[in-house]
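In what follows, chain A forms one complex with chain B and a second complex with chain C.
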Partner chain A sequence: MSLASYAARRVALGLVQVLAVVTLVFLVVQALPGDAAVALAGDNPDPARIAQIRAAMDLDRPAPERFLEWLIALPRLDFGVSLVSGRPVADFLFGGIGPTLLLAALTLALLVPISVLVGVLAALREGSLLDRALTSISVALHSIPEFALAVVLIAVFGVQLTWLPPTAVGADLLAQPAVLVLPLVVLLARPICSISRLVRAGMVDALASDYVRHARRLGLGETRVRFAHALPNALAPAVQQVARTTDWLLGGVIVVEAVFVIPGLGTVLVDAVAARDLPVVQGLAVVFAVTTVTVNLLADLVAFRLAPRAEVVA
Partner chain B sequence: MRRAGIGGLLIAVPLALALLGPLFVPEQQNRRAPFLPQGLLGTDFVGRDAWYQVLAGGQTVVLVALIATLASYLAGVPYGVLAATTRSRLVDELLMRPLDVLLAVPSLLVLILVAAIAGQGLPVLVGVVTLVNFPDVARLSRAAALEISGRPALEAMRMQGESWWQTSIVYTGRSMLRTLAADVGVRLTAALYLVASASFLGVGVPPDAADWAVMVDRNRGGLFLQPLTVVVPALLIVALSVGLNLVFDRALRKVRT
Partner chain C sequence: MPLNRRGFLGLTTGLTVVTLAGCGSGATSATSTPRAGGRLRAAFAGGGAKEVLDPHLANLFVEAARSKALFDKLADLGDDVSPQPRLAEKWEPNADLTRWRITLRQAKFHDGRPVRAQDVLASYARILDPNRAFRAKSSLALIDLPNSRAVDDRTVEFALKRPFAEFPNALAAFGTYIVPEGAEDFTKPIGSGPFGFVSFEPGKSVLLKRNPDYWEGAPHLDELEFVIANEESARTNALLGGQVEYAHDLTPTTARSHASGDRMTIHRSPNSAVQAFAMKLDRPPFDNRDLREALFLLADRPQLVESVLAGSGQVGNDLFGKGYQHYAGDIPQRQRDLDKAKFLIRKAGAEGLVVKLDTSTAAAGMVEAATVFADQVKGSGLTIEVVQGNKDSYWADTLKNGSLSSFRSGAMPIETHISQRLLKGAGTNVTKWNRPEFDALYEKAVSTSDASARDEAYREMQRVLHAEGGYLMWGFADWIVGAKPSVGGISTAPANTLDWARFDKVWLG
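Up next, the complex of A and B:
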């Protein structure tokens, strides 16, 4: 299959996924007990007042009609209006996206080189101390809840040793990079383990393969064999795992933002759920779903390009 | 060998506290001011003795993770086997495609959304964690059952006219056990991770519940006064998670070799 036709199929699947998730989110939010009007009426649940709020927010119109309207407005980045503050949902999203993107981008920027480096080093010295230490540590750290790790690190480095600020309250993330150290360490702990292990496994396989033996027989330099021939094939599974970690990363970001008090999308989500601000929750769910699907799509395309023969799940 | 020893020790402490701890909590507890240096670990954010909270708080984390893992297998394995053994391609697609959608949504988002609809309570937490874990189990069982149903042994059984019960349940089920057993550790740690993270975010449990994850969240305000009220429950969760991983990893190696 050529890259173009694979890409076309993959994009079509991605669109269907996004549409399905968006529909699902709308239905789920519809199912929330006591709609927004009841929540807004608060301590004074006067039926006339509730009906009035409903009419003002168009909640009295049939659900399919509202769904279509909401769906058509989405490509224009019009997510509706927050129930609690009356501000457009897009404002919340743009307000929170900065810190979250910064965290995610920094994590990825550190994650990829570090895990590839560690994985390749471990593979080149198979059975060495580094290799064994890497395996043990990555087995142990896999799936530690971020908040537990974060709190322990805060207690040690923020409270006892006072080397680093314990939270990011009121800090400008870019002006004071010290506040980002602990969140990044927490976010990196799990993915570094899983990805460097995959790179290691892929590299060990690749170095033992026929084409590497053939390249050596041709007299190519060892560096070239390792990095131009073995490494791309070893990276293909790791690239897809990087995409899968965006799921983790997102969950991790929600938790890490809560622990370190960073005003990002995760904080917006937690606040919106607590306040029953449904349009905001819907908007966030759309953003998260589109991000996850897009990242997975890109990763599949990169993996396809790196190792076109490999069977890629479409 | 040595790693499993460490893993066993790491599990034993939190597990013993979680299962036996509630027995040692006195009925009558008097409340004091928050974050006082009294008792073993001091007092918590509402003035309860933090040590008794630690004793009482492991049960929910461990039980919810166990029950949710069990439930996701009870739902996922028949689902996957059904998709694999059905003769109609359409049924297979209808069963498996919706799972792709579920897998496309970040698990913590699913958890927060569903818990927001269904309200609080441990059954809700069990249900959501099951829902999040279930697609993976279903996919794995389908893949395992597909491989088995193509085996010559099964074709021979079919030709001999063995009953559906014999071929699908007894033979396929027995052959799948190994694949599933290898996966239990991953599922259990994933469930533990989700339960703890959800409780920490205040999803599914009341805000003053005796629960290690809730303790970590609530007592954070006193991190400078009584750091132990936060660090001890956090360390117990870390120990449980690390220990589970080490023990299951070792068991897996033993099976493979």
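Up next, the complex of A and C:
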């Protein structure tokens, strides 16, 4: 199968997947107790008032009917309006996607070089003190959950030593990059381990493989053997993991956003679900589904390019 | 222990305590003399999608605080939760309390237009619009708008549908702000409040500036910025890290660990939130008066206050509004009496009964209180099983379902508490209290102009509720705010009253 027809098939499948995700999200939110009117009424749940809010929000029409209308408008990229605030859903998505994208891009820009370097170094010195040290540190970091690491870093560097701002509250992320340091460290800690371990394993396998031995027999320089022949093959499995990490980052890492007060997509999602603001939740589902499908497709294509013999399954 | 949100917050606090253990204590800077100028940043929990600047839609604390900075009401609640004149200079009812003449203060909107009687009528008409669902609608529902009129630019005459002595409570009700006539677009709100609007980023921040022409005198601050931080730990950390000067709504645990430190000052507002369990009287088992009394006697209130509120509060006596106007403080405080409770449970034939106690994390401390109370009930013959429900629909769920549930409420006048929760047909009657003679007593209270007769009627109502009611009000939580030690002028009035989160009186030292 050619790369192009493979990609086309995957895109078509992706569209079906997005539709399935959105429908599923709609059903799940419907299954939650209470609707937007109940959530908005809060501790003043006078039934008469809830009925009025419901009418004012147009919630008295059947839910499937509202869902279909929303779906029909979707191909025009019309995400509808928020039930609670009346502002367009697209505003929420644009508002949240900025901080999330910024964090994801910075994390990836640091993650890929660092983890490849760590993995390669460990593989080249397999079994050495360096290998064992890198392995121990990265596994140790991996075993700390994000929130625990965040809490410790804030307490030590933000509050006690006051080297770095403890939160990003009210800050303009681009104008005050210092607020991003601690969140980036937290976001990097675990993926560095998982990816560098995969690179190390791939590299160790590749260096022991027949084709590397053959390349050495042909008299190719050691650097060329390592980095032009062994490394690309070693990276193929890591690419899938980078894709999963990217997907995780683009979903808005809720814990990190909450602890550091970064108003990204994760925060928008939490607020929208709590408010039962269905159009906003559905809009987010579209964004998350599209990113997941796209990122995985790209990863498969990159893996295919790096190691063309690898089997691609649609 | 599974790691949930609460465990996480507890952990956060714990770690903060550990890392601050080395900090010194004792230093308090001079905050007694007001100083002009500067920008105060105040961190509040927000609602993201829910946040709006329309003061009539205000629902969250941050929206209430912003509305107060930008707008005025005709009246607001004083420290004893009684109505105090604000934009209204004075109010005068007629003899049968059905017509009220309000004289407006000389005040100006931020665009320079005067606040007129027409603006007041238009604001109330907007709130009362039958096609909309503003929170203050039920508070103002007794106004007969078509028969109300502007006598002149600074005099409004309200016609009421029935005699109502407590009309000023309605003028002070949550969300009854005065906006310019015809105002519908609140993207750049114009009010008459102490601060004018500069900018708004939903879910992130609102920037306001000093209104030099405020009728009560210009604020000390030049600028006021509200920033959003939903996690309590984040608000605390932002304050400790110098990113904000004021952090709203902190937990008792945080207060306890920072009370002696020099990096933040803790401000406690007593009697701000009542903590309770609500028993439903219209269904078994609590349709039995003996069983209700047994539950009253099983609560170890000092222990609940000490454990659930970490000591930041006071015990309750099953009555709403401790310290408020008309509170029946002379009724003896109820104490735990296990033997009498056991006897009452046997008498009610309820030995071995298992009762479900519905609770949720919809308000801080409710799940903890339910767990502690279930433990206190052990050994009485009755068993309480704590059931945790969905927090987003909790209040609507417990209004209809179950027989025993966690309850809490912010400050409001005792009259408002009764009319919203304890009358036949009241919108949020969670205990299903329904007594014609009680309703008659309420009618008597609000339709007499004799202040002492009114006070006596409220006391009588409270005596009945204390003896037979469905609310087990075990405590009153302090409202806790943290601020930089150099910030002055922070009041400790109960949350929801005029002086709570009132930034025109605050200064940066």
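Methods note: the second predicted complex is superposed on the first by the 273 of 314 C-alpha atoms of A that agree within 3 Å, B and C clash if a C-alpha of one lies under 4 Å from a C-alpha of the other, contacts with A are read in each partner's own complex, and residues count from 1 in each chain.
As a working rule, a residue touches a chain if its C-beta (ideal position, glycine included) is under 8 Å from a C-beta of that chain, and two chains touch if they have at least 3 such contacts.
The structure displayed is predicted, hence computed values, not measured ones.
Peer 1: Per the contact definition in the header, classify A:48: touching chain B only (first), chain C only (second), both, or neither.
Peer 2: The second partner, chain C, only.
Peer 1: After lining up the shared chain so the two structures overlap, which partner does A:87 touch, if you call chain B first and chain C second: first, second, both or neither?
Peer 2: It touches chain C, and chain B stays clear.
Peer 1: So, A:296: does it touch chain B (first), chain C (second), both, or neither?
Peer 2: Only chain B is touched by A:296; chain C is not.
Peer 1: Using the touch definition from the top, say if A:148 reaches chain B (first), chain C (second), both or neither.
Peer 2: both
Peer 1: Name the contact category of A:64: first (chain B only), second (chain C only), both, or neither.
Peer 2: Once the two structures are laid over each other on A, A:64 reaches no partner at all.
Peer 1: May I ask you to decide whether A:250 touches chain B, chain C, both, or neither, giving the answer as first, second, both or neither?
Peer 2: Only chain B is touched by A:250; chain C is not.
Peer 1: Quick check for you: in the superposed arrangement, does A:166 touch first (chain B), second (chain C), both or neither?
Peer 2: both
Peer 1: Of the partners chain B and chain C, which touch A:258 in the superposed model: first, second, both, neither?
Peer 2: In the superposition, A:258 contacts both chain B and chain C.
Peer 1: Determine where on chain A the residues touched by chain B overlap those touched by chain C, and list them.
Peer 2: Shared contact residues on chain A: 32-33, 145, 147-148, 151-152, 154-155, 159-160, 166, 258-259, 270, 274, 276.
Peer 1: Taking the touch rule as given, give the residues of chain A at its contact with chain B in the complex, in rising order.
Peer 2: 17, 20-21, 24-25, 28-29, 31-33, 136, 139-149, 151-152, 154-155, 159-160, 166, 247, 250-251, 254-255, 258-259, 269-270, 273-274, 276, 281, 285, 288-289, 292-293, 296
Peer 1: Along chain C, where are the residues that touch chain A in the complex?
Peer 2: Against chain A, chain C makes touches at 3, 8, 11-12, 15-16, 18-20, 22, 41, 43, 47-52, 59, 131-133, 135, 137-138, 201-205, 225, 227-231, 233-235, 237-238, 240-244, 362-363, 389-393, 395-397, 399, 408-409, 420, 427-428.
Peer 1: Applying the document's contact rule, which stretches of chain B touch chain A when the two form their complex?
Peer 2: These residues of chain B touch chain A: 3, 100-101, 104-109, 112-114, 116-117, 119, 189-190, 192-193, 196-197, 200-202, 213, 216-217, 220, 223-224, 227, 230-231, 234-235, 237-238, 241-242, 245-246, 249.
Peer 1: Which residues of chain A touch chain C in their complex?
Peer 2: 32-34, 38-50, 52-53, 55-56, 82, 84-85, 87, 92, 95, 145, 147-148, 151-152, 154-156, 158-160, 162, 165-167, 169-171, 258-261, 263, 267-268, 270-272, 274-277, 280
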